[in-house]
Every structure is written in structure tokens, then in C-alpha cells.
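Heads up, the next two complexes both have subunit A, just with different partners, subunit B and then subunit C.
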Partner chain A sequence: MRALLLGPWLRAGRGLPRAPGSGHRYRGHSEYRGHSGHRPQGPLRRVSVEVLEHLEHLALVDFRDAEGVERLQKAIQFADQLHEVNTDGVEPMDSVLEDRCLYLREDDVTEGNCTKELLENAREKVEEYFVAPPGNIPLPKLEERETFLQGSQ
Partner chain B sequence: AALNDGLRSQVSAALKEGRVAPTELCQRCLALIKSTKFLNAYITVAEETALKQAEESEERYKRGQPLGILDGIPIAVKDNFNTAGIETTCASNMLKGYISPYNATVVQKLLDQGAVLLGKTNLDEFAMGSGSTDGVFGPVRNPWSYSKQYKEKSVPKSHSEDEESNWVITGGSSGGSAAAVSSFTCFAALGSDTGGSTRNPAAHCGVVGLKPTYGLISRHGLIPLVNSMDVPGILTRCVDDAAVLLGSLAGHDPKDSTTIQDDFKPFELPNLTDVSKLSIGIPKEYHAPELSSEILALWSKAADLFKNAGAKVVEVSLPHTPYSIVCYHVLCTAEVASNMARFDGLEYGHRSDVKDSTESMYAATRREGFNDVVRGRILSGNYFLLKQNYEKYFVKAQKVRRLIANDFVKVFRSGVDILLTPTTLSDAAPYTEFIQEDNRTRSAQDDILTQAANMAGLPAISVPTALSERGLPVGLQFIGRSFQEKQLLTVAKWFEKQVQFPVIQLEEVKRHDSDVFQHQKSASFS
Partner chain C sequence: VAARGCGGVWRRARQRGAGQPGPGPSPFPRGQRAVACNAKGGAVPAGKSGLAPWVPVVGLEIHAQISSNSKLFSGSQVQFAAPPNSLVSFFDASLPGTLPVLNRRCVEAAVMTGLALNCSINKKSLFDRKHYFYADLPAGYQITQQRVPIAVNGSLSYSLCIDNKMSQMVTKTVRIKQIQLEQDSGKSLHDDTRSQTLVDLNRAGVGLMEVVMEPDMCCGEEAAAAVRELQLILQTLGSSQAVMAEGQLRVDANVSVHHPGEPYGVRTEVKNINSIRFLAKAIDYEIQRQIEELENGGTILNETRAFDSKLGCTVPMRDKEGKQDYRFMPEPNLPPLILYDAKSLPANMNHQQVINIDWIHERLPDLPSVKRKKLVEQYGILPEHSFTLLNEDGLAEFFESVVKETQMKPKKVIGWILKDLLSYLKQHSLTVKESPVSSFLLADLLNLLEKKEISSTAAKQVLAELWKGEVKTPLEIVKEQKLELLQDQKELEQICQAVIDGHENEVIMMVLG
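== the complex of A and B ==
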């Protein structure tokens, strides 16, 4: 994987990411180490540009700047601590109510006919349709995107 | 009778006997909301509808037909619950101006009982945070910042700087609700609890914060954060009141298939006098190194309290506790990534002006509508859900979740009835210090003690215990067995009686509306 390059697509001028933990420590709190153990955290995980782009595309949310990317890297580093736990033979838990039967109601229409109310909150509509801009147009590529998104500010 | 006699014996009785009218009560609360505006606890105050509800309540009392204990009682609701006809924003630009077409089930239940909905309270954006500082309407101020107790203990840098820079946070994310209850502007408030969001601000604001068992109270209409952990939370000034609220909210809801179908019977809490049959567990892993020595001492004192009263107090172990917060981090961001996908600008909420394509409109809308915290969690969540990461992170976290839940099962099976732990690591931080760390770090720190209960779906309650050296509230947490709220609240009530937590002496407010104070505080009622 290509290591992350703080390339031209990251907005310039944002400056350095905020330092983790300030010098002015609130009384009673010590530097948080992730949990009550003294395990050092792993190295800051690098994420490739391809993955970052892929994530932005999936999430339809952008990192905006270097700080956003670093936030993700820290999040991954934090999550990596999970691997210290031995989960051999353990089944994943979807819900704490897994031992019960999910309630299923009868397949009868009990409410609805509220088109007017539902449309009230939509900004753009025509008759009873929600109106969207044309689809099937992929998000612009990185180089084009910066100028593009600037237009939406 | 003491202030803590609460709704059932005090206010409701007064309403029934005509000593105070619902409209009067409502007016006074609205006036108090205005005079405590600097707390920023409320995002929307529904003055007209509240007065109308109060009038209708008054009619019912006149006819001698009140709907129940909650008839005419002013309450507040966290702004992530849908309320028909009233703006619901989740403290986000994404939903600014959004008027819900329906009431969340819990809101509907309260209204059906005649409660008077005063307004929607402030929170961290989309309930993500532990300070109630990250919403678009600004941070909520802890009412205790303006209390005699805090002022006496604080050393102002200079007289003029005093109030402006010294104020402390409420904790979060249900900070607005906690502040509203703490400052007497309402008798009870709804919050939500996903990682401690009701208990944390309850502890910092000196009020009772109840997180019910997952599946007991309907989430229909609660804008979801983490579907497998969210619960509506209850904030009140005393444990008895929490039981009253629980009684009117719990029960199966066909609109929320994750509510259990068992019959729920509302209960009145007995006045426990004999605790000798109780077994209290003290989980050693909750003695986090970051725990302040003050709170550690209080926790110890509480354990001794039970021991001296004859209860069995034992140290227990929940070995996977240190991983709870990491596990939560993964599961929460993953579910958030999914839950936030609905905000695309088409059907409701903010919509960007960008028109070039659907995708670019979505992207711009979400960019404009969400703050950094929300966007950060969405991106992290999507990372953990990528095909190449799914097993390694998401499924792994689900496995760890089972281990955490099993820890509790083992402990309860060994004969322990209730667990006693601190709620927070320290008393409320001054705002200026709190914001020096980013949201994720703060949440990770502040949720340590509360999060595991959400993992396991267990009921938990924070009870105000004592004031810290700085004159600020400290709460202790009780965690109970699934669906055993009656036992949990009974023990909490006993504890509340023992500690006699002091009433907040709000100076500013007193000057403005001492009358309301008299009525709401007490002795004149009984």
C-alpha cells in the first residue's frame, strides 16, 4: 500500500494536527492510555490514499484535511487494542436480547396515508416525488474535487 | 418532608388538592427557563403548546379526573427524540428546522399521561460526546457553576473573570436534560444513554440518572446512534421519581421490535430498612488509575456504608472491563456509519445547493450538515466495516462484547445482587479545560465506567452522593441484573436516603424568582 502522502488534495493551511493531550492537565485526570492497563499503543497506522478515497466514496463524507485523516489513524490505532483479547471459540454477539424471539407483528396495514406530512420536510419536491439531481454520475476525482466542493461552501 | 419526597407525595398531591394549578406550575417553570437561559440547557422552548397542555390538565383536575401522577407535571425532552410539531435538531445543522411529523413513543406516553412538555434540551451533536459541548447551539453550563457551594470553594482569578471562565460542564451527552432537572426548570427529563450519556451528566449535575435495561423502553422515535445499545434515559431529582417515570414508559411497543414482550408492571419502591440479605459487588477493574482519589474515597465510604448496615460486600472481577471502551469505539462507529447514512438531504433535513449529481449533493449535504465529530465517526465506522477489516474489527468487537457481557453474567450468577461503582472519574471539569482534548479522547476517558453496562444491556443508575472538594456533585453508580429495575431502584433509594445529598443553592436564580424556589423546594408543600 502506498503510504499516506499529504498531497495537494488535502486543503492547505490547516496547520499541524492538534497535539494529543494538552500541557494543562485537569486535576484528577492523568494522561489517558486507552484503558487501565499500561499497554503502550501500537504505531500510528498508515492508511493508503486508495483506501481513504474509497472511504470518502462509501461514506459520502470527506476527511476535509490532514486532521481528519489523522483522526482516522488514531481511531484505528485505538481499535487495534482489541487484538490483545483472546476470542477463540467465542461467538459474535449481535444483540443482548439474542435469547429471545424478536417481535414480529401481523402483516396488516395499520397506518400510513401520510404523504402530505412526509413531504413537508423535503426541500425539493414535485407533486408526490422527492426530487434528486441526476444520478449515475460518479463523484469527481480528487483533483477536480477540491474546487468542486469549494463551491458548496 | 424533604425535597426528595418528589412527585408522588409532593407535587402530584399538591396538584390534586388544588394547592397549585398546572398552569401556575407551567408558568413558573417557563419563567425559570427564561431566567436560567445562560445555562443554554434548552434548544427549543415550546411555550404555547406547554401552556395549552397545562390548561387541559387543569380542566381534568377541576373535574377530578387527572390521568395519573404525571398529569400537569412539566418535563423536558432531549432533542434527539422526535416530537410532533416541535423542532427536533439533535443539535446538528443537519436537522436544523426539522419539524417531526410524529412523536417518539416515550414522548407520546408522557403526553398521554398529561405531562406538560416544556421543550427540547441541548446535547452533543447527535448524542456523540461526553460534555454536551459539541452541539451547534453551543455548550450547556452546569447549574452548579452558579451554586453557592461551588462559588465558596472556587478561587476566582479576578472578580470580573469569575463567572465567565470558571463555569463547569454538565457532562454528556444529555447535559441539557440534566441541567434542566438540576436547575428546577422541570421535574423530570428524558435523555438517552448509549455509553453513559444519561448517567454521566446526572453525576456531574447532582441528579438521578437511570439507564433502563435494553429492551424495556421503546426506542421508536429516538434518533438512533447505536441500535444495539441505545436506550431512553430518565433524569429526575430523586429515585422515587425515576420509578414513576419508568412506570409510565416501560413496556412492549409494537413499533419497536427490540422491546421485550413480557408484561411490565409499574411499581412503587418499598422503603428498604434491612439490607442484610443484599450482596453488593465491587468490581476491582473499575478502580481505573485515572480515578480521582476523592471519588475513590467516596466509593470506599459507600461500600462501608453497606457493610456496616449488614449487607455482604464483596470484591468481584469483570476482567474484560479495560476493553469495553475499545469495543464500544468499534461497534459504535460502525453502527453510526450505518445510522447516519439516512441523512442525505432528500426527504428531510438540510440539503445542499449543489445540484450536479445525486452523489455530490449527498456529499456536500453531509459535509455541511455534520460536525467533525460525527464525520470522524462515520469515516472510522466505514473503515471497520470494509470487507478487508470486517472480521478483524467489527466481528472481533462483537466477540469481545460477548466476553464483556459474560463477565457480568458470571458475577451475578455467583450471588451478587448489585454492583457498586463510581460513575465518573472526577467531578465536572471547567469548560476551558475540557475542550483542550478532542471529543474522541474525552469520550474514551469519560465513558470508561459507564460504558460496559450498555455493552451488556444492563440497567444502571447514578445516584448523587456527595459534593467534591470543589463543591461539585459526585455520583455513584449501581448496576443491576437485566430487567430487575425494582431491585436496583430499591437499593438506590436506600442509598439516597443514607447520603442525604445537599440541595443546590442557586444564587442567581434565587434572586430572580425566589417564589418558584419555595414551591419547588418543599417544606411549604408538605
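== the complex of A and C ==
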């Protein structure tokens, strides 16, 4: 059975960490150690194929084959290097814009009226409406799909 | 609106007996309230039927479209009916390279609403992305305020009548959990014959205020009264026109039932409710459906149901696949929204870039509850009357202008307004603005009555004539139809004698008893 090290990356609500002690934007160099040889701290969590299927369902991504899944795993390992930084007691940063002023626009009509231009992007249209399939086409269940994940039960 | 309140506890009104009817659209006979309510509130002990009482729990999520010229994050126009996709900017269509720019008016609308609902305004609030796939959401996410919304912890007071005669009103309060700014989605038109959906993005990106209420209500009528009051408040503030028929006010109800003392039951979400009347019906139906299901040994699924107004029932909604994972993340393109008050006002900032909560607070108009109080105090009318006056658009102003033009006491005028004028308007489905009888005409008529030149029966006749909308004054009609009250005693005696003389038989019968 193939298991994937999706690890702490899956935990909700984690933002990018900042260096401890600095109240401002982090300007230091990050020490990239490269893909190989680095292990994230803490116990490795083994995650089931169900989680991977959930990811496919959410993001409408098809991991396609073993190489695709392996690439995902390597990407997670690379990102896990962030855990080397101690972020105890530090507020996560949402955006580098956090110290900027949020610009407030006056309530004037300045845009729109470009139906023709917008519809140029539409593959299909009906009388100036965009055409879409009826409702969401549900992703078929794992058993019914021709996906690489099937074989990894 | 004045509606009957329920005490908070329902008991199934139907007897267990032979021939349990199968599940059908209406769980109780038409027109009959299947409720054993205790008007004082509190749990009702199990009655003779031996069935344990149920406590329904109702929470509402209300989306109010902000009344503004342009959209929340873009400069395209906000308008109800327009050619498809004509009010859409590149940002609304989610073309790459576009960015959101916050509309100041939308923030002010949310602050006004928060203040009117007694909320704490968060001086720093944040924007987030809520991801899901649907054809009318071109970006694949909606910008909302999930973590720190603009306003929290408020309350809304509303009134209900607790008996049929509308003479005893009780005030209830529902807590407001939060108010958040968010984007509206576009509109989908489903074409089932050709198996496709037509998408119009005119509405995509319009500013919404989501008002989340705590589950403090227990039946459809409470919910309807609360929503009606919120609607009046929004219309008074001008932050939303809140017309449900145009989709400017959308209500979703969360309904569950449980036995007193036990934990809350599984809740269902009811959507697709298009009017306040249907809101009450949908909630009451769903409560009854859940009670029946549970008493028959079934379970309630945590699902989303749609209200079918034709059948008067709720049905499971298709296309809602299990529990959604919205993958909330901070909106990276928008810094925090900072609001100021008199104390924290920055000295050197551009005036146009600053929103001062205190400045807005000082300029809030009189809310409906304040207006009602003033009407009662100023004119000596009953509280129920003030409710009806404010419930009809323009009626309070009409009443006040009649009072100004007539010598008749307001307490008497109100009867003519609420009984005669209003019933005519309702019969002909007219608004106050469309009334063929203006406040001046009515005042003229009431003056004739007050000066005892005509009787009240005659006055009603004149009103009926005025209603036709012909250009005649009340005095002209009175003269035309000879409705003047006879003041001459002798003339009156002559008429009475003539009547008696002309109906000898009837007189004899009356004398004999």
C-alpha cells in the first residue's frame, strides 16, 4: 500500500512563518538545503489515499501517475523546511501588504459595458450569456475513475 | 409586522391513531396551526398524549445587498435589470491580472448597519477567500470576512402579538453574532432542455452584508417578525433597499429540534425562500417535518433543503455534495481594513481615506423603534397602530400630514387611516403613493365630519366616491349626493312623520311587539 507523507502541510490555518524576534518583514536569507537529505522535524504522519483523493476532488487536479504523486511528495518535503524556524508566539503574516493602508475607492461607476469583449473569451455563448454545464459535474468516485490512485489500494 | 408569537415549545397536534397518513406536503391540515404553544414561554410538561415536548431552534443567515452605485471591489454598476453581462468589469469576470479595490460606501453601509444593530465595530477587520466551484463564481472563490468580520455581538429587538386580537404585544430580542462584508455571485439560469446553464455576471461582485443571527428563535413567526424589523432598519438606514422580491434580501434558515434539557438536534439549512410569508411557512413546515421524522424513529440528516412554495414543503437540494471544504485563506491582495473613531483619528491622513465610526454614529437616522415611540408619544395612538403605520411605506407620513390639516384628534384620524384608507389600498393592491385619495382630500373630509356637517356613515360614502379618483372635493360630493346632516329640527320631524305614515303596517307590528 502506497502511503504519502502529506505531513503537517495539510493542517489548516498555517501561514508563512516569520523569523522570531523581528516585528517587521523578514529580510534575512533563507537557507535552502535543496530537496534531498532534509527531513522535517516531528513524527512523519502517514496519510491514506482518501486524503489524496480529497485533494484531487477539491482542486480538480489529477495526480495522473506515480511520478506526479512523487513530485507532490517532494514539494511537501521542500516546504517542510519551513518548520526549522521557531515561530512560537509569533503572529502569522497574511500578506506583505499588512502594514500598507487599504485604499478606499469612491462609489463611482467607472467600469463595465464591455460585454462584447468579455464574451470573446467564451467558447460557447447564448445571447450574451456565458454557457456552462448544468450544475457541477461531480467527480466520480475513486472506484469509477481511471486513475492511478486506484492501483494503490 | 405584528404576528402571533409562540412560547417556544411545540407538541405534535395530531393524535396517534389508526391510519397514519404517509409523508405528504403538508404535515398538518391546511389553515390549522399544529402547535400547542405556551405564551409565557418555557417548556410545556408532557400532556395527556404522553409525547415529550419539542423545543425548535431557529437561526437565520441573512444576506442584504448593499445599496451602492458600484460594486464592492470594482467600479462596475449595481443595477437590478440590465442586459446580461453588461455590468461586468474585468475583475468581476476574474480575468488574470485584475485586483480588488474596496468601495468606501460599502464599508460605511456595513458600519451603519452594525451600529444600528448594537454591534461592536471591529476597528481592524480582515478579508478572506472562500473557495468552491460553481459556474457563477468565475474566480473559484468568494472574498468574504471569515476570521475577523467588520461587526460582532449585536442584537435586534422585534415585536410580536401574543393573542389573536392584536392587543398585547411582546418584545423579543435575537442576538447578532456578526456582520461581514462579502461579494455576491453571478446568476445562473438553468436550461434543462438543452442541459446547460446560462451565466450572467451582472450580479457578480455586488457588495453584500451577511448578518448572522444566533439561534434564539423558535418558530416561523418569530423569524418573520425579526426579518421584517431588520428590513425596516436597513431601509431606514439606506444601507440596503432590502426588497426580497428583487433578491436584495435573502434569508437562509437553520432549523433543528430537541427535547428540553437535551443537547441540540441535527440542523438542516433551508434555502430558496422568496418572501417573509414563505419564510414563516418554510420554517414551520421544517420544524413539523423534523418532529414527525424523529417521533417515527427516523433521523435528521445535516443537509440543505429548498423550500417549494407551490407545495408548501421543503425538499432536499440536489447538487450539494456532502460537507464542503472551503479552504479559507487570507485574501493576499487586501491589507486589513482599519476604521477610526474620534479618539484614534489620524492627524495627517487624507480625509477621503478615513472612515470615522463616531461620525457615522452621530448621523444615524431615527430607527423604526424610535419612530414608533415618537408616534405614540406625539399622537397618543396605540403601539400596535405605530407598527402598522411603519409597516406600510409612506403611511406614517400620510397620517402625519392628515393630522396637520385637520382639527380631528389624531386618535380618531388613526381609525380612518388604518381601517378605511388602508383597507381600500389593500383591496386594490395599491401603495400609499398610488392612493387616489390624497392626504389633503382625506383631511378635508374629516373636517366636514368633525364639524358635524355630515355623519360618519355619510363620510364613508364620500370616501367611496373619492376613491374613484375623479376631480371632486368632499364638499362637492356631499352637495351632489345631498349628504348634509339636517340641522333643522322641524324638517326632521316632518320626515319622521312621513315615514311613519307611509308604513302603517310595520308601525302596528312594532307597537304590538
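By definition in this document, the second predicted complex is superposed on the first by the 98 of 153 C-alpha atoms of A that agree within 3 Å, B and C clash if a C-alpha of one lies under 4 Å from a C-alpha of the other, contacts with A are read in each partner's own complex, and residues count from 1 in each chain.
As a convention for this text, a contact is a pair of C-beta atoms (placed from the backbone, for glycine too) under 8 Å apart; a residue touches a chain by one contact, two chains touch by 3 or more.
If you're wondering where the values come from, they're calculated on a predicted model, not measured in any experiment.
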- prompt: Is A:Leu60 in contact with subunit B, with subunit C, with both, or with neither (first, second, both, neither)?
  reply: both
Query: First (subunit B), second (subunit C), both or neither: which does A:Lys74 touch?
result: first
Query: Where does A:His83 make contact in the superposed view: on subunit B (first), on subunit C (second), on both, or on neither?
result: first
- prompt: For A:Val126, is the partner it touches subunit B (first), subunit C (second), both, or none of the two (neither)?
  reply: second
Query: Which holds for A:Asp94: it touches subunit B only (first), subunit C only (second), both, or neither?
result: both
Field: Partner chain in contact with A:Asp107 - subunit B first, subunit C second, else both or neither
entry: second
Query: So, A:Thr115: does it touch subunit B (first), subunit C (second), both, or neither?
result: second
Task: Answer with first, second, both or neither: which of subunit B and subunit C does A:Pro134 touch in the superposed model?
output: both
Message: Shared contact residues on subunit A, subunit B side and subunit C side combined as an intersection?
response: 54, 58, 60, 94-95, 97, 100, 102-105, 114, 118, 121, 130, 132-136, 138
Message: For the complex, give me every residue of subunit A touching subunit C.
response: 12, 15, 54, 58, 60, 94-95, 97-115, 118-119, 121, 126-136, 138
Field: Sites on subunit C touched by subunit A in the complex
entry: 68-70, 74-77, 83-91, 93, 95, 101-107, 126, 131, 133-135, 188-192, 195-201, 318-319, 321, 325, 327-328, 330-338, 352-353, 355
- prompt: Contact residues on subunit A for subunit B in the complex?
  reply: 18, 20-22, 24, 26-30, 32, 34-37, 47, 51, 54-56, 58-64, 67-68, 71-72, 74-76, 78-79, 81-85, 87, 90-97, 100, 102-105, 114, 117-118, 120-124, 130, 132-140, 148-149, 151-153
Field: subunit B - residues contacting subunit A, complex
entry: 98-99, 101, 214-215, 228, 252, 254, 257-261, 285, 287-290, 292, 294, 320-323, 325-327, 329-330, 333, 337, 344-349, 351-364, 366-368, 370, 372, 375-376, 378-384, 386, 392-393, 395-403, 405, 425-427, 429-430, 433-434, 436-438, 440-441, 444-445, 448, 456-457, 482
